[in-house]
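The same chain A turns up in both complexes below, where it pairs with chain B and then with chain C.
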Partner chain A sequence: MELKRRSVLAALGAGTAAALTGCGSGASADGGSADGPAKGEITLLTPIYEKADGKKLLEQDIIGGFHKKYPDVKVTVDYTTYTQLNEKITTAMAGGLLPDVMMMGVGWIPPFAAKKAIAELPESLAAAHDYEKRVLEPSRYDGRLYALPVVLDTRIVVYRKDHFAEAGIKKTPANWTELRAMAKQLTTKGRIGFDPFSAELRQVWETFLFANGGSLFSDDGKKVLFNDTRGVEALQFFKDLIADGSADYTKKTELGAPTNVQTGKASMMVTTSALWKQLQDQKPELLEGDTLGAFVLANRRPAMLQGGTLVTQSARSKHPAAARAFVEYLASPESILGAAKQRGSVPGMRDLGAAGTAYTKENEFVDLSLKNLGNACSEGGTAAWMEIREKIKPTLEPAIVGGQSAAKAIAELGKLAEAAIARM
Partner chain B sequence: MVAPALLHAALWIGLPVVASVALAFTKYDVLSAPQFIGLDNFREMLDDAVFRKSIWNTVVYTFFTVPVGMLLGLLLAMALHTGLKARGIFRTAVFLPQVTATVAIALVWLWIYNPGNGLFNSVLSIFGIHGPAWLLSTSWSMPSVILVGIWQGIGMKMLIYLAALQSLPKELYEAASVDGASRVRQFFSLTLPLLKPATFFVLITSMINAFQSFDQIYVLTDGGPANSTTMMTFEIYKSAFREFRVGYACAQSLVLFALLLAFTLVNRRMMGGTRGHS
Partner chain C sequence: MATAELNKGELLRGTHKPVNWGRIALYAVLTLVSLLMVVPFVWMILTSLKTPAEIASPDAGLLPAHWEFSNYVEAFKAAPFATYARNSFIIAMSHTLINVVVASMAGYALARIKFRGSDLIFYCFVGALMIPTYTKVLPEFLIVRFMPLAGGNDLFGQGGSGWLDTWWALIVPGAVTPFAVFLFRQFYLDLPVELEEAARLDGLGEFRIYAQIMTPQVKPALTTVALLTFESSWNNFLWPLLVTHTDSLRVIQVGLSVFKTENGTQWHYLMAGTTLATLPMVVLFLIGQRYFVQGFATAGLK
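Then we have the complex of A and B:
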């Protein structure tokens, strides 16, 4: 009996040890050589190419084109959303089934590159196409290239020209003082002057931080920089707008729902270039009637948050040559223009030919974004970003919807970020 | 005969439990191998204001959803037990939320709570009342989530109480009637004491369910606004899957387990276990 009990306990212990070691074992894997023929079965994990038209674009046009070029590679697609991307990756890693090719958001590269979960890409890929210099910065970690941009999503301010005309406002605000005054003036007839809250709070605050001359982290990603007066002022500005009655957190709209500028419930709002596509589907008369305009937020400097989707290769792929070939193909001009059009996003390279020019000129929000890539700033920049990004919204919200001061909220966030970086 | 069950339990329950306990003392991010850090995760939890808030929110949520849900479940079971017309339809309607995916339910409630064109505010506007932004207000978000929790849990409570009511001996009630006991007296002196084992079972399972509430928070509020609806399970999920801090999530899970165990033991002692009145 004693022997049996011991055996059971030993088996449990051994199993646990195996599970623990197994979970961590992949960390030492490298991607293997990407030289040699591209062949085998690979998996793509993607949070974009949503809905039926997105799936058709990816599976028929993009993967179809890839198969013609690489007939020995079979691609299986695993669709997800940005909200669920982390958990997909976590469970895949724990189960040792990390997809060969993964699409990720801006800011995600340093954490995954630091842990050697994604493979370094050859520098020649950075020069393969006519990328805007700024565009490739979020694809790098420690100076090395780990990803290629597929589409960019910028944060700009869209406004109602009819509301501006009604209020006698002839130009867009050049700084926050003007923005606050205009928002107050435009708050009338049951509408709010400015809606910064329908976009993700984390990214909106970052946009205001950058426009106020601030930064998130030091260049090496080891020092928190946002907890100075510029970060506090950015958050305080939201509180001031709410105090004026010209912004209202409870009037924010959900993603995909008709936006407040679209319905006329707000005169200005922070949004992305994808709003153009949404309006084409939901309220084209606003575009046809030239009712909407857009500008880049400015205070101490003009700043536009550059988010987007990057494509990376898993460091643990069993078919590195096939995975590398697919990464390159997904980031090639023939793939990214379709993805940008489908989402209303900004393509990250210039050499897209006549079709590309036609698209960027037609979507005025994309055009504005491309013209302002020099003012673009991105989130992330530290290996601890995955943890810090989750803390931003719940830590800042008490200052916006509760009575907490902006200084206290930013100090708290700074403390959490410093602790996360220290744990790296 | 015991071996397959033992193997199953060891593999699918024992191993994960042992692994969770072991990982609670490590720094583990899935990307690299776990590192032993002793009690650091537990020390950090003491300073984690959001996790403390989530414990409080979980207790508040449980405090309201469990007793209110039990009372309503019992009332509905009694109504169905006493020969209500169209019992089948009524029983199905009450039980339906229990077997419907929480995500689907939460999406319907998202519409009901929509401050612009949701059902609640539309009805309130008929009476000239400007309804709040239910899920975006720190004052209203928790009551809104509690309401969904109560509504969703009533079906199972009702079903257990109904089964228990149907098994109560009729001769006791006949004797009580002969002795001149009123319906109210019968309820308090016979029904409630006889339902004690069922009540204990409903209380414990409801409490465990309430402590493990996750789906409705995930879909309805994402723990916000300002952490006003975040719960322990939601924080565990965030730590593990959004922040890649699996070791810390395991430590949080142990705290959840300890709390549940403590509450169960207290309840067991207070109610005298599962023994009914003889």
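Then we have the complex of A and C:
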């Protein structure tokens, strides 16, 4: 078996963290009382607020605003990237020095809540704003609230209206049969009809799975459900598109590079709402000319994968009141809108006032995502997710680029996931 | 008359000098390879001076349509690159010095001094070469975190943060590499025993034999270890990211990651930052070019 650095770290971290839970601060594992006055020095670990303008937004606007409200709290920021976030949290956890406030991805809450690394938040916070029920699902573990959403990154399909018009296609596909037929029809003049490969393979397969009526895990996160026919069909869909000639794995583009829809080399592609911001920088004429449209993928049901970033509080913070206050502030409308605009992401809530309405109207992909939050589906849902998520792409990829059957790849992934859950 | 004949002879020899096709082919290949080596650097610099729209455009030329020197200013505003570069330099220099001094001493001891268990210790070093880097990260992190009497820790390493977020954490772990010890040992093994015996007869102690007689004979090993250590330390990313959280201790590679995100990459700033990060290494190479080339050439011939 290939030795992956993340799996090694995850395994070592899990074991060591269990052995060392007594180390570090003397705060209780439930996060201590957050009722006292908010004061002290706290640390924020964040994989977002990056790029040239992100740091200014966080340190001047958001933390500046927080200091006005809570002058006795000093916030130190520890910037990292999503690629290294798991290593950073795992090693900090093993060392008993978790940052007071942490931002992490969708699907990450159950694993860290199960390890008692993050503190439970009062249920009243879930009702503090106009949250869509599905948006809050990734913030929960075992029915309890552990995090609040900050920004969402949805997976939608963006298409070229000019290619559709040229081919005489008047509506977006309502199911996979229509999508395949349209993709074949649009594969012409050196273009590919559909590009599902330029987004993260794991997340695109999950989008297909949810759209096909499937699920990843049972509600309690202890049973694997994706290894049924729905999961196999979702993977087979990639193979069918390649067999049709309307999707090509070798033509995928790297993150940040000009996308195939943008360059006109593909007529449809799976992407995120952040593509809008990328186009504003790289090819604004496509937006000005209303050349692009977007829709939510559907087969048995419409499904939009909901990724994103949540904010949570360490279970071992020495200043729980200050940490709680900062969690609430980072998830408040004034902080959320800035973060969403900076990343081109979807805000975690709807009630963002006039400025929020202006932003969502300007970014049509965000607008579509907000209108479809009822169809949002999240990855994760099991305490073993951090281990399983790393295995999805390398297990499914051979079926897409090689000769392995979809059923065999899904069965193999199912066994790996069951073994990971059994180890929890 | 004699002068005229001599000149005529020289002229004739010059006229009939055969064309050295082998040398021409060699120069052609070397020119091509040099161009291939320099292209990524040229691309990096030119990209750092383009706008995002131009970088993304399939029709853009090699040279920027508008030279965006402001990319450098903006990249500098995004992160304190001068601090990052200073930190990287301090860490890389410290690692280089410590590795050269300590590993050469260890290599000398394992090669030239007979003591009980020396073979076992050497095998342990060879064994350490086989350990994947990522499996060492967590144990090293825990050693740093629970360092006794440091960062508010008590004698048992509890109560504080140990060496985390300090220069100690950045410099001490990984300062001496088993590869360097192994390399030095092999070089010291090959030196003639007569050198050592003559020095002993002249009354030199063990340290002076190591420092004044034997080590000057292994200059290629010193150069190779120094260069490899500096390069690897300068490019280290994960360890500095894990053990620091304040900006004042972050290194250049961590600083550059600010331009790469889940939702895209700011290529113009990333390339401007990378150009700035590469500059010290290029300057260092230009200054020490002669020694580096000599070192590698000698090491290669060995």
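We take it that the second predicted complex is superposed on the first by the 394 of 424 C-alpha atoms of A that agree within 3 Å, B and C clash if a C-alpha of one lies under 4 Å from a C-alpha of the other, contacts with A are read in each partner's own complex, and residues count from 1 in each chain.
By definition in this document, a residue touches a chain if its C-beta (ideal position, glycine included) is under 8 Å from a C-beta of that chain, and two chains touch if they have at least 3 such contacts.
If you're wondering where the values come from, they're calculated on a predicted model, not measured in any experiment.
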item: Which superposed partner A:423 touches (first chain B, second chain C, both, neither); value: first
item: Which of chain B and chain C A:87 touches, first, second, both or neither; value: both
item: Partner, of chain C and chain B, that touches more residues belonging to chain A; value: C
item: Partner chain in contact with A:355 - chain B first, chain C second, else both or neither; value: neither
item: Which superposed partner A:165 touches (first chain B, second chain C, both, neither); value: neither
item: First, second, both or neither for A:76, with chain B first and chain C second; value: second
item: Contacts of A:390 with chain B and chain C, given as first, second, both or neither; value: first
item: First, second, both or neither for A:274, with chain B first and chain C second; value: second
item: Which superposed partner A:243 touches (first chain B, second chain C, both, neither); value: neither
item: Chain B versus chain C as contact partner of A:115, first or second or both or neither; value: first
item: Contact residues of chain A, present in both the chain B and the chain C interface; value: 8, 12-13, 16, 20, 23, 87, 90-91, 94
item: Contact footprint of chain A on chain B as seen in their complex; value: 6, 10-11, 14-15, 18-19, 22-23, 27-34, 50, 115, 132-133, 136-138, 223-227, 230, 237-238, 240-246
item: Chain A partner contacts - residues on chain C that touch it in the complex; value: 52-53, 55-58, 74-75, 77-79, 132, 134-135, 137-138, 141-142, 145-146, 158, 161, 164, 238, 241-242, 245-247, 257-267, 269
item: List of chain A residues in touch with chain C within their complex; value: 3, 5, 8-9, 12-13, 16, 20, 23, 43, 45, 47-48, 50-55, 76, 78-82, 84, 87-88, 90-91, 94-97, 99, 153, 255-258, 262-263, 272, 274, 277-278, 281-284, 343-345
item: Chain A to chain B touching residues, read off their complex; value: 8, 11-13, 15-16, 19-21, 23-25, 27, 86-87, 90-91, 93-94, 111-112, 115-117, 249-252, 386-387, 390, 393-394, 397-398, 400-402, 423
